[in-house]
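Letters are used for the chains, namely A, B, C and D, taken in the order the chains are written, and counting of residues starts over at 1 for each.
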């Protein structure tokens, strides 16, 4: 088990800057000069330049700046200017910021429960704005945590209508998490949340596909049960991978035991991926991710 | 992360037998004959004989026996006879049996929450009979789960009295779990729950002792944060170890981050240890345990 | 990393018995009585009964019997009798027995080096009888370890002939290990080594197939590099899985780095699988394995 | 198991810069400007600022600079200037540089063998200049790898003399690795290799001290066997920790089995620590390390 150590989120002077642009010499110097000029002290930085020709430069900085809120406009102006010069996308966040999350579930609660626990424990700095489900089963779980619950049934006929209803309910949420939501979401739905839609699914070595992968994995006697958290994109069945982990089983595990073990891996992997996303540690680069864990 | 696969607990014909006695040739033959004679089919067995001279034989059997309840008296009679002949202690349990647990806590809820979750998920086949705490903080957690909560304040002066009160409250519970209970329990209290009192504490490589072990571990730059679940005995500061696990941290982790990571390891290790205990997988042998995981 | 603890292989009185038969009540009693009657003391046993109706019973016993060699004939006679009565296959091995292994390689030496190291360290109780390769590159590695090396080039035209030559060279070896042998072996070759032919290959979550799986895995940004050791069967592309493990990579890993990491996982997984096989811990049951680790 | 992905060491244009100084705003801007001005492109960077007041700034940069060797003098001049202004220590290394290592051993070869393997495989970019031992046992291992072997016996009376002899033999080596060298080295010896002397030792949770820690750990039934690689300092019995890892054992493991498992953890942890050191990923900061893994 591994749990990332988030930067101190109670420090109102702490901020972070995430940048992505075509790789060119001098970009680090320019950005660090910008921060130095406003008096910010960089406390942590991670950078990656992809190794392909014409590669992408990605940078995540944590910094401390007295009276950050007051300097925000100035920083944003300077970053906008650089963005044009360097073809740069950027995100400037105050560490105290708590993004909002809509969690989609069906009938199993392990992934939702873990997200609720971590938010409450202060380990996941976000606010679960609502839970949306195609089944009513988990309403008590959401209610007990004081989170609005919306039951949006889905049938083959009502699918488009249900998605429209769900979109309306989640509104301008910062992130959508599919926490064992047993429905395929449409390409249109995905395109509303670019790089802001996270899903969790089981994984095996090697992969087992078809109607009942757990049964297939059991029949081959796999020794590791895995889970993969990834972004969902309109084009890809499974988009850029954020995090993966496995747990060990042996020959005594029944198919149901394997599902049971899988649930503990899934909750861990999903919670880790969501935490990294919320802390601006994940940068999508085409079909893959840069994770500054 | 590893999660044990429990035997099917819904099968009313399923039972298990745990045996411990001085090692002598023939003991397996005698016990398996006994089960065969009543028509039981052994579905899983694990045995261990300690390698010392005059060693101890330990055996855990899972079996299926049609109409187990009806055969129980017959089996118990035969086992009692063998117990005298072989100097044997034994425990015969129906798989559907759900032992009762009293959980002692102070102010942090991570270990308690995990136990509650696993009981509810059906992964820990037990009933949390009550939560006892020297602080009122976690009453809402217990209440939300429908578990009686008892606030038993402890002061240096009232310690003996408080323990007497706690004993009264937990009554004839099958197992006591100290889930981050920040009080030392007395030798007398321990002796009431021989091999039935489990504690969790943090661990490091190497050990850091004194007032603030997390600070000491941080100052040395440890890379692994661990936890140990163990039985508490009247004699030993820390008794027979049931389970241990670690999580990785790096130089960026503050003392508070290390505590945070530690909580996830603790909840995992304690829940695993309690589950193994409840499934009769842990056998104490002097200062150590046999764990038929 | 996990390394199995083998039974003491220097004890000439130590033996093990592995049994597989249709599951019927009483089989444990019969077998343990047989051992008790010759004076053997069972020091470790693991049993598994598959949960399907008409399931298979598998048992692995370690025992100590003074003057084991002298009792061997008597035990074998009794086991042969039981084999007929119970439809049982069995294997009786003295712990001092060192099976012979033929290792097939191509150009990379990591898996071979690890096998050589573990044999020399006494952690893998076997003898590497020879190394066979379709390339001459690893001859110095084999020679340095004092192991006969056979260069058997393979071309599409000479494949059948080369296999015949290899078969001749390995002779009556107990086990064949494909330690990164980059040739597909024929169904006929496989059928010569039923449940005695082990292969290692890389694995990913999810699976990546095609010409360059590492490139594909890199492009998707996988976080775990895995390896699977399995038996090779005439029918299955990849047969019953013996062992699997993963190692973590991050976005900085190039395709070449991923291969590098993969090599460390492969050597660990293959050495573990071979060790378990050699210690009679792996029992094939149809398309899967029982591993009494 | 985890294996770091080293930067491409064959690229003669690739270099790295490691810097440590008192933390002050602007330091990143100054350093990145310096590199930009000579035309270097930063391909990877990691930074850490300790959270204490008056904390330390540490930075590791990988960069690509056409004709790096030609620019070396210019860069060194500029860095020397900055060093005075900012109270900075720095290390500029070409990726093709292969530091020299002296390995001290006694009788067990697992750690030495792993270092030899990794050097040969190209995963550890260093040259083992010599092996020094107080016993002659491992001479064949060194010889087979073409490494000079020096037998320097140590007795209580000859200790000082032996160390002097060893110092003479290792000469101006870049790094000294104690790979299960069963002798305590003197404070004077340590002071010759500041931040360049690495040791490996076993670790347990909790710690077991005294004459036979494995026996003590066995008697308590520990479930994890660990190892710690650390720098040796004149003051500290065990200095700044570089890396730690554990492996799992169960109740069946004898003391000898635990040692066996421990050897696999030790070789992995030591090889990882040495690799990180050689790649300039480890920065000592007082009693702890920053590891830019």
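As a working rule, contacts are C-beta pairs under 8 Å (C-beta built on N, C-alpha and C of every residue); 3 or more make two chains touch, one makes a residue touch a chain.
Which chain is which protein? Per UniProt: A, B, C, D = Formyltetrahydrofolate deformylase.
Here the structure is a predicted model, which is why all the values come from computation and not from measurement.
Under the touch definition stated at the top, subunit C and subunit D share these contacting partners: A, B. Each chain gets a centre from the mean of its Cα atoms; the one farthest from the centre of subunit B is D.
Spacing of subunit A relative to subunit B, judged by their CA centroids, is 36 angstrom. Here the spacing of subunit B and subunit D, counted between their Cα centres, is 41 Å.
For subunit C, the set of residues that touch two or more other chains comprises 44, 48, 51, 245, 250, 252, 254. Every residue of subunit A that touches subunit B in the complex is listed here, in rising order: 1-3, 5-6, 8, 44, 110, 113, 117, 121, 123, 144, 245, 247-250, 252-254, 257-258, 260-261, 263-265, 268.
Considering their complex, residues 23-26, 28-29, 32-33, 35-36, 39-49, 51 of subunit A touch subunit D.
Of all residues in subunit A, those touching subunit C in their complex are 48, 51, 203-207, 218-224, 226, 228, 238, 240-241, 243-246, 250-252, 254, 287-291, 293.
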